[in-house]
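In order of appearance the chains are A, B, C and D, and numbering begins at 1 in each one.
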Amino acid sequence: MSTQHTRRPGEDTTASPDARASSDWWSTAISRIHPGEILLRGYPVEELIGRIGFAEQIWLLLRGELPTPGQARLLEAALVAAVDHGPQAPSIAAARMAATCGIGLNSAMATGAGLLGDTHGGAGQQCMQLLERIIEGESAASIVAEHRARRAYVPGFGHRFHPRDPRRDPLLALVRQAIQEGDAQGDALAAGLALEEALAGDRPKPVPMNIDGATAIIYAELGFPAELGRGLFVLSRSVGILAHAWEEQQSGTRIKGPLPRPLLPGYHGPPPRAVPPRPTRDNRDQRPS
Amino acid sequence: MSTQHTRRPGEDTTASPDARASSDWWSTAISRIHPGEILLRGYPVEELIGRIGFAEQIWLLLRGELPTPGQARLLEAALVAAVDHGPQAPSIAAARMAATCGIGLNSAMATGAGLLGDTHGGAGQQCMQLLERIIEGESAASIVAEHRARRAYVPGFGHRFHPRDPRRDPLLALVRQAIQEGDAQGDALAAGLALEEALAGDRPKPVPMNIDGATAIIYAELGFPAELGRGLFVLSRSVGILAHAWEEQQSGTRIKGPLPRPLLPGYHGPPPRAVPPRPTRDNRDQRPS
Amino acid sequence: MSTQHTRRPGEDTTASPDARASSDWWSTAISRIHPGEILLRGYPVEELIGRIGFAEQIWLLLRGELPTPGQARLLEAALVAAVDHGPQAPSIAAARMAATCGIGLNSAMATGAGLLGDTHGGAGQQCMQLLERIIEGESAASIVAEHRARRAYVPGFGHRFHPRDPRRDPLLALVRQAIQEGDAQGDALAAGLALEEALAGDRPKPVPMNIDGATAIIYAELGFPAELGRGLFVLSRSVGILAHAWEEQQSGTRIKGPLPRPLLPGYHGPPPRAVPPRPTRDNRDQRPS
Amino acid sequence: MSTQHTRRPGEDTTASPDARASSDWWSTAISRIHPGEILLRGYPVEELIGRIGFAEQIWLLLRGELPTPGQARLLEAALVAAVDHGPQAPSIAAARMAATCGIGLNSAMATGAGLLGDTHGGAGQQCMQLLERIIEGESAASIVAEHRARRAYVPGFGHRFHPRDPRRDPLLALVRQAIQEGDAQGDALAAGLALEEALAGDRPKPVPMNIDGATAIIYAELGFPAELGRGLFVLSRSVGILAHAWEEQQSGTRIKGPLPRPLLPGYHGPPPRAVPPRPTRDNRDQRPS
């Protein structure tokens, strides 16, 4: 990422030290906004519009340089693949509920993105960290053994719903094509396949790679750090979140709960009981003397 | 949008009425998720991966059908244009702060999206509503007069920062090209230009269209409802939000406030004062007898 | 609210204009934070701890002065009343889902608070606005007629669940007691009862005041502006949101959706279909020459 | 926490298994909501209103039983102490910005709560975990040594702003009083003081307990699990967040960024550069044949 510091000629030289401190406090290498000028990673925005695609723009802002066409295509395929998994996903359900509560679509989208935490949205990022460990020399078998010892899922593999995730094969085929065309190295793919094999090893049923595993391979092949794996997943899933929030909003439902009427949430707390007599409240000034 | 109801042969026919009610309560036309199957608007996801771009996927999920290539290009240009406007935008600043507070990037993105409310993210949507009114016959002059009478900004025009928004011209050029190629009608463009002219009318300085106005024209030309104008803006700006949150997170700053040290927020409340003696608290059981 | 501007002797006099501008930009009348000092509305925090209750602290921060004991009791009763309405409320359900997604309890609480929008959390605020109109001379009957003409609910009255909200009577009894003891004027209570009567007028079934109406009366009697009615409701309901998020988190559920397995959300979109052949993508550089 | 399962006589016995599954999926021990009935932890809400304070209600919902008056007072003091730390705290600054963006106060509150993550809001929770380890036998000195070895802060001690946190002493005095009156055991206080002493040990300057440490002691003495330490802090700080968001909203500022005009965020990215010629986009259908 470029870190070259640029000041426009004559800029800021007369600014007070405090003004400069405030300006530096919020300094960024991503964009320069001056009256009449918007530079994104150094490129004037008006030169980018109409010339690069949305996936290329995403790459540019996150990485600082433009991708090759092959890199952009691979990134785009991963973004296309992960947009939605239906209203049973809590991120989608919560965004749909939000859309019935009298808040804007931006707030419904915030609700959905907020739920893509370590458990619901973090498997790709965690899988990328495992791929890195394998690329650095650790064995897939030992990683699998370690997860099994603590009864943990290996992130990026298996699906509680799909016996085989339909997004796995087309994504891996594109990774292979990118390797062939020189847009990817293949080490993350090899690491992912090694994990899949180690997981299947002694099992009657395989535990095939899921969307998180397949996109983790793509993002790792493309050189993204693991944290951005989460970020890219959130960008992609935000499309489904928006589509669902909007569909729900159009239905006109108000204050939608999880269950249809007349079903009610159950209760397993104490039976009805009387409030015990409360002792007289002391003087609120209770400070020890 | 397709609303045809489909049940797979044999599906659900034996389900209890309550199961069906629960299932219907969350029914969607966007996606069907069955074991081993993900249909998006009817298309198997594995057929979409590698075949359509991210902008086309966004269109498909929001609209129900695939766009023409020209429509996809125009949508993509609008998404490319609005990704970032620097850390002085509160959505970006808040997301950068969030990234220093020990929450995931998904939560930082939620923070930023949440701030794109009626004032900070709604101008495009509001401009689309004005364009609709003009397309339906109202005059641009009367709309401008109405806004001036209540001292309100006309959404989509003018910028408190840019004398002329550098994104206006290239976006409008692409709209004109799309009209020429049959991918847009031109009525929203005409409406927007009429508004711009009416605003300039009697003024020494013009009030040119800004990014919200230019993208409002694009989204309206492409047939998106106004509410989705906001949604598309949030999708686009989420890219900048992610890039900034990630840049800040990498810096290692912890608990970043708006001002650099040692500057402190000012105070204009009462001067230091002593807490007055508090009366004895009554018995908390204060219910009237 | 006090607006007296105070500078400590000698403070800031040597600061640069830019430092002062930055400091003033974030100036507040709520708190002054200096090394070793925390003033809240002028009171040293160490003098408040142990001397005032939580409801009094809420009042102090929002209003700038301490309440009388009777005012504090009435505020406290309203805060006690609205803490929870079970997991079918979308704010609670979304927070419970959030707690299964691998984010902190603070993010689960943010999820719940975010859903308390105009529809789900705004009725109290809207009811306060109606009470103000009646206090300023409008008739309850005309307000009811106006709502009926546009088939709108009168906010604060009726409940889709409770024939009679059990929180109404004890809250109104406390308002009456506060009036008797000089801590409230009674005009908001009179306005609310007039609305209730106007609503019942010609109907077989009454439409009794609900929690939003009863707390709207309390907050209006206590002099809170309508917007803070929403804020106080969010504070109160945040208690239930926290309790439910925590209960769900303890259960160990992961990625909880709205329906129990094996129920699935229904689908009413197009049946499975093949992706049509996509036309060759043009050169991405599409800018008109 | 009570887990006794109660069904009303005759309730649900005729419900279908699917209805029961849906109901059980959302079952809770916190509240039972039936037409005309709201039970909170078994108590009818109408019996609680006017009889218990807000802090007692918080305790009841989180713990399942009512506190003693001494427990309620100690909890209340902790809630009073942590409400605000001024606009330089990112949670407060972000909420103030949010209030200028055209979203409701509930969304501004969600913004603030969302930022109280592991770093900005988690020190109390983390400190409680350390107190537990000491109570279970670990030595304070070894915990301090462990943190120093990895150059980590000991959560709950020291303050980057206050040489001595003014909230420490009055809170600890109330803990001592509670111990004397039998409402607390004293083991968490002893653990906290041991940590403070171990930290001071060989240092020229002490590293005194801060608000997070002092409230961690209180919440631990009162038997709250560490996770709820975070939750209670968020409840308390939500008061300040609301007060600040409301103050900012009243000012009428629109789209407030972190810096006052005309200051601008700095830029240290690449200097202006031309977009390189983009290669012709291939056919989008890139799937390997």
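Quick note on the criterion: a contact is a pair of C-beta atoms (placed from the backbone, for glycine too) under 8 Å apart; a residue touches a chain by one contact, two chains touch by 3 or more.
Please read these numbers as outputs of a predicted model, since none were measured by experiment.
Path length between chain B and chain C in the chain contact graph, taken as the least number of steps between touching chains: 1. A centroid comparison over C-alpha atoms places A as the chain most distant from chain C. Computed centre separation for the pair chain C/chain D is 18 angstrom, with centres defined by C-alpha atoms. Computed from the mean C-alpha positions, the centre of chain A lies at a distance of 24 Å from the centre of chain D.
Our note on geometry: chain B versus chain D, Cα centroid distance of 30 Å, whole angstroms. Residue positions 18-19, 22, 24-26, 28-33, 44, 48-53, 73, 86-88, 93, 103-104, 106-107, 110-111, 114-118, 121-122, 170, 173-174, 258-259, 263-265, 278, 281-282, 284-287 of chain A are each in touch with at least two other chains. By the touch criterion given at the top, residues 2-6, 19-20, 22-34, 39, 41-44, 47-48, 51-53, 64, 66, 69, 73, 103-104, 106-107, 110, 114, 170, 173-174, 176-177, 258-259, 263-276, 278-279, 281-282, 286-288 of chain D touch chain A in their complex. Put simply, chain D touches chain B in their complex at residues 15-19, 22, 49-53, 86-91, 93-94, 97-98, 100-103, 107, 110-111, 114-122, 254-259, 264-265, 284-287.
Across the complex, chain A meets chain B through its residues 18, 21-22, 24-26, 28-33, 35-38, 40, 44-46, 48-50, 52-55, 57-58, 61-62, 73, 76-77, 79-81, 83-88, 93, 96, 104-107, 109-111, 113-118, 121-122, 161-164, 166-167, 169-171, 173-174, 227-228, 230-231, 234-236, 238-240, 242-247, 249, 259-260, 263, 277-278, 280-285.
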